[in-house]
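Below: a set of structures, written as structure tokens.
First chain A sits with chain B, and in the next complex the same chain sits with chain C.
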Partner chain A sequence: MRDKLKRLHAKNFFKQWAPTDFNAGNSFSQEEFFTAVPSGTRCVLESFSINSVYSGSSISNSSGINNNRDSTISFRTGSSTGPLIFEVKPQFSSYGIVLFGKNFQSPLFDIPCGGTLFADGLFVGLTARTSTSSGPSEPDADYGFNVNIFYSGGS
Partner chain B sequence: MSNTSYVKTITSMITSYSPSSSVLVNSNLPSRFYFRGLTVTMGIGVSPVNPSYLVLQDGSGQGGQDGFSRITGGSVLLDATGSRLLMPEDSYVLIKNGLYFWANTGIVSSTPLQMTVFYT
Partner chain C sequence: MLGSDGFCNIYNTTSGISDNVKIISGRVSVHAILASTSGSGSTGDDGKTIALSATNGGNSLIEIALRYPRSGSIGPGADDNFCFLNSFHTGGNGVLFTDGVWIRLNTGPGPDGIRGSIRSLQIFYTGGANT
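Let's look at the complex of A and B:
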């Protein structure tokens, strides 16, 4: 029988920022970019999981994090500022993302129809924002994101 | 004809672990195999060390918390439920240097960590 198993590559991107990293000088925003696959190389993103991570004991608007602010996980090609292929918004509930626990890892999401083509490399951006850009807004504790990806090609 | 073969499984119950060290998930796993998925149950770290996270590594020489995948949690890795890191259907990740895990908190017998690896 012909073996139709597909070999994938797995990578993890994780970043937490300290409360003091968020200050008026950067509008209470922080960004981190990762290169999963360098430009000039094609790959297909097949599956991913994400979640927000927060080191505090509870999460609320008073924690300095607000879902209304535009924290995002972005998937781009070309470069870390290249064309946006798609974007995911990690969200806290009062217990954490998707109500499974304070910061529970999301299940893998399998992209339909064999995945999404990244024709010129795959770049993952983590953008963390706090509850406001106009006043003191440090999170109460370390805050960031965790992203797992599975992709084919790219090597 | 189905192109899906049955997978092998192996389960480890981790009852003792020192934080920030790379440890083989199970010594009976070959060093080179097709990783098809993982379930993790129970919790690590009952003390409020947040976030608790579990990193999977291909080989122990990657240093620190670098790995090919990571499961994160809250005050414990899992809040009275199960976690899974399953591969997309009919796919695998090649492990070449043994499957290791790394965690940021210790594991003790009263709150063991159970992992089942699916592989071919």
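Let's look at the complex of A and C:
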């Protein structure tokens, strides 16, 4: 049973890249890694939420943003390049644009049972890609992700 | 452990999902499913459902119809109301699969059921192991 008195740690990871960042090295991809819990420490991820954030007014191929490229939020243990525990893909919602603002926060996903064990630290990776991998594909405005995680153990 | 006091294992994939394959072996309790989808760009877009069976080709113990954004190529349509992911919690102590979990991708319930694709899939379970 989940310990009702167990205290959760909360961390937020936010990163937005400038449009020109995406053309650096002609990669059209940007990555940022965060250490939630350092290697050598166990922790249990209990829940998380993610959302894409964009400073522009429209989300389309012409603005350099879409949902079809492999933007990801990854959860690893060991190191930022260690074993992948799982990986989710954030999406934009235009319904969010209309009613809640384009950066509407995703629902919190509560991992069932006692959460998922990360035996050797918890590392969160944010990977943003623009709408195409060739030609001009800079987004019209700053673009990135906002991630909240809630975990127990660790430090 | 199969009860609610064991940590969750995760079946995770972001590559193409095969049909009629065993993805988890052993005595398993499935507690939640998370899936991210992209649409084809057509109005009324729909896609394949995710069905989990206890035997190869057997009846579905769980089958969920996913919500697809209207378009994967130009961003979601105005009628899309999911910010990210489809999530499905079973509640209780999960659904028991006595000897492994098979996945099947059935055509979706809408008129455009063959469109759209599953971008990522996570299944949260206790007991057993990924195949």
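Throughout what follows, the second predicted complex is superposed on the first by the 140 of 155 C-alpha atoms of A that agree within 3 Å, B and C clash if a C-alpha of one lies under 4 Å from a C-alpha of the other, contacts with A are read in each partner's own complex, and residues count from 1 in each chain.
Note that a residue touches a chain if its C-beta (ideal position, glycine included) is under 8 Å from a C-beta of that chain, and two chains touch if they have at least 3 such contacts.
All values reported here derive from a predicted model rather than from experimental measurement.
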Open item on the list: Quick check for you: in the superposed arrangement, does A:Thr72 touch first (chain B), second (chain C), both or neither?
Closed with: second
Open item on the list: Tell me the contact category for A:Pro90 with respect to chain B and chain C: first, second, both or neither.
Closed with: second
- [ ] Would you check which partner chain A:Val44 touches, where first means chain B only, second means chain C only, and both and neither mean what they say?
- [x] second
Open item on the list: Looking at A:Asp110, would you say it contacts chain B, chain C, both, or neither? Reply first, second, both or neither.
Closed with: both
TODO: Would you check which partner chain A:Thr81 touches, where first means chain B only, second means chain C only, and both and neither mean what they say?
DONE: neither
Open item on the list: Going by the contact definition given at the top, which residues of chain A touch chain B in one complex and chain C in the other?
Closed with: 1-2, 51, 96, 104-105, 107, 110
Task: For the chain C and chain A complex, residues of the former touching the latter - done: 4-10, 12, 14, 31-32, 34, 36, 38, 69, 71-85, 87, 89-90, 94, 119-120, 122, 124, 126
Task: Complex contact set, residues of chain B against chain A - done: 1, 3, 34, 48, 50-51, 53, 55, 65, 67-75, 78-79, 81, 83-94, 120
Task: Contact set on chain A toward chain C in their complex - done: 1-2, 44, 50-52, 59-61, 65-68, 70, 72, 84-96, 98, 104-107, 109-117
Task: Complex contact set, residues of chain A against chain B - done: 1-12, 14, 16, 46-47, 49, 51, 53-57, 96, 100-105, 107-108, 110, 141, 146, 148, 150, 152
